[in-house]
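Heads up, the next two complexes both have chain A, just with different partners, chain B and then chain C.
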Partner chain A sequence: MEISTETDGGTVVATPTGRLDGSNAREFQDALDAVVQDTERALILDFEQVSYISSAGLRVLLVTAKALQGNGAELALCSLDDPIREVFGISGFDSIIPIHASRADALASVKG
Partner chain B sequence: MTYKILVVDDEPDLEPLMLQRMRRQIRSGRFEFVFAGNGVEALEKLAADSTIDMVLSDINMPQMDGLTLLEQIPDVNPNLRAVIISAYGDMQNIRTAMNRGAFDFVTKPVDFDDLQVTVDRTLAHIEEWRAALDSRDKLVALQNELDVASKMQQSILPTIFPRTSDYETYGTMTPALDVGGDFYDVVRLPDQHIGLAIADVSGKGVPAALFMMSSRTLLKGTAISFDNPGQVLSEVNSLLQEDDTDGMFVTMLYAVYNPVTGEFTYASGGHDAPLLVQADGTSTLLPLTGGIALGVIPEFEYKQTSHVLQPGETIVLYTDGVTEAMNAGGELFGIDGLQTYFQSSPPGDSEATGLQVMEAVSAFAGDAAQSDDITCLTLRRS
Partner chain C sequence: MPATMSLTVRTARDELERINAAVDRLAEQDDWPPDLVFRVRLVLEEWNLNVMDHGHDDDTHEIDIAMSCDDDAVTIEIIDGGKPFDPLHDTPAPDLTSAVGERRVGGLGVHFMRELMDEVRYKRESGKNHLKLVTRKVR
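Take a look at the complex of A and B:
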């Protein structure tokens, strides 16, 4: 798992790569914890390069969403593959984390 | 600490020389020396004193030479390290000694400054080696504890399943190597109703195992108190929130089956949809009920829906260990994989079906390592 970030005003866009599962959940968590500190308005996770997410990965997103909420910021996702989109649908996580089709849509929604 | 060094040499001059040249380390308590005149004597000393840390041995000696001694040392104590004293330029014996496990060598006449460095280096290696052995032992102990945790988890799963002339149920789980968080349960309810639950806790390891235990206990208690699956999940969700869940959650599907009417009423908390399989092997996914995984949102009202099972129909409940089983090529089995499987192998009774699912997953995964618990719970109306 690799993660690259870019900042646009108070919004951070992070792009994790590869599988997000139990084997790297801690690494993923540490990477996002660092990003959460610098996020004033919103954190957008671009899932373009993510091939798989397990429940351990979902847990990291949940912890991150809560941490951001505590700072008055929000979490949004974009560019999910169909199978990954389905995981969010089945688990019900799409009802607590906004999911957008593209990075542009996600940026527009957090700025709006 | 004091290191005990066994010096093996048939020349009597070495003993006083060694004691003289190493007197500072002896006085400071760092080194203690033991002496032997040949290999046989050396082995006797080693057998009698297990606190000896290293051996410093000459090669040519009567009765048993240093090269033979090297071969014998591991039988007495595999964690000892030996340094050989050889004639200058005697490459053949030095190579033989190294191949027989000597840690290092020094040459005659002994340069005591060089010997000091060699002994220090050997002892530093012994220290690291012992630390590594210690860590390994602790790891083994921890692994044993985890095995116990894993067995406990397995042992709380029901192994006897309700079966009447109207219906049968069956549940099975193949745990992953790590202690994980899948479970299933079958609960007898009033009016001959049966409660069926399948669940998957996020993550793995001890925290997931503990969370699984408390989820299961809460479910069992709640199932007996409420008739409606939706209400049961709402209640378990609220109870789970009372503890700090540290971001952990559990996906759970809970259903109540009425054997008289065949009505199968279920609510899903973020869990995969039930698969309805006909006697001929065709199958469809039953609709989800829009519930989120338990432990995520403090108050959530879980909805339920129902399907009336016709005689011969089977319900298959499963965790993502089934659908996300991966083969060596990195492909996922998927719900499609399971549906295709049933088309060629229609379900038998609930037990046969449960075992069939496990076999299908295992056949698909082949040699690929199992990364998640694989769990399946089946119900068939006869």
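Take a look at the complex of A and C:
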């Protein structure tokens, strides 16, 4: 799991790469904790390079969503593979984190 | 000749890597589509980490995993000698609807198994948990 970030005004776009599972959830959490600190307005997680997520990865996203909400910032996701999109549906995570088809759509939504 | 795989892992979380490698080998041998690889990985991770974290007091115990494929389906059998845990009766209903501030993640692993597998059977026999999962290859 690696994560790269770009900042555009108050919005941070973070792109994790690889699998988000029980073996690297701690590492993923540490990386996102640092990103949350730098997020003023919104954090977009671009899942283009993510091939897998389990409940351990979802837990990290939930902790991150709670932290951002506490800071008055928002979280959005984009570019999910079909099996990952299905996991978000089954878990009900699609009702707490907005999911967009593309990075451009996600950026437009947080700026709107 | 149906493709099969069997593997014994310790009750240690770092064994997840060996489990995933075994899934990848079987998937390649039996030419699985990506969504099948995804859901087999997912149910194996969820169940085995649950067994490791809650079923046993330390990482020295063993979990036996067997998988077999026929033309239409993949069957997974997992046996461990830890605390009794019936996923069909002993798990809280997952929280799928609370707002972000109140949302909890507990129980999602078993929920995934029930949603993504076509068959989930559990029995406690000879002091061991026996879990059997079946998923059709094409859904």
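As a convention for this text, the second predicted complex is superposed on the first by the 112 of 112 C-alpha atoms of A that agree within 3 Å, B and C clash if a C-alpha of one lies under 4 Å from a C-alpha of the other, contacts with A are read in each partner's own complex, and residues count from 1 in each chain.
Keep this in mind: a contact is a pair of C-beta atoms (placed from the backbone, for glycine too) under 8 Å apart; a residue touches a chain by one contact, two chains touch by 3 or more.
The structure displayed is predicted, hence computed values, not measured ones.
Residue contacts after overlaying the shared chain place A:R59 against chain B and chain C alike. In the superposition on chain A, A:A25 contacts chain B only, with no contact to chain C. In the superposition on chain A, A:D82 contacts chain C only, with no contact to chain B. In the superposition on chain A, A:Q69 contacts chain C only, with no contact to chain B.
With both structures placed on the common chain, the touch criterion links A:S91 to chain B and to chain C. By the touch criterion defined above, A:K111 reaches neither chain B nor chain C.
Shared contact residues of chain A, touching chain B in one structure and chain C in the other: 21-23, 52, 54-56, 58-59, 62, 66, 83, 90-92, 95-96. Residue ranges of chain A in contact with chain B, taken from their complex: 21-23, 25, 52, 54-56, 58-60, 62-63, 66, 83, 89-93, 95-96.
Residues of chain B touching chain A in their complex: 178, 200-204, 246-249, 251, 269-273, 288, 290-293, 296-297, 320, 324, 332, 371-372. Per the touch definition, chain A reaches chain C in the complex via residues 21-23, 52, 54-56, 58-59, 62, 65-66, 69, 82-83, 87, 90-92, 95-96.
Residues 13-14, 16-17, 34-35, 38-39, 41-42, 45-46, 49, 94-97, 99-101, 103, 105, 108-109, 111-112, 115-116 of chain C are the ones that touch chain A when the two sit in their complex.
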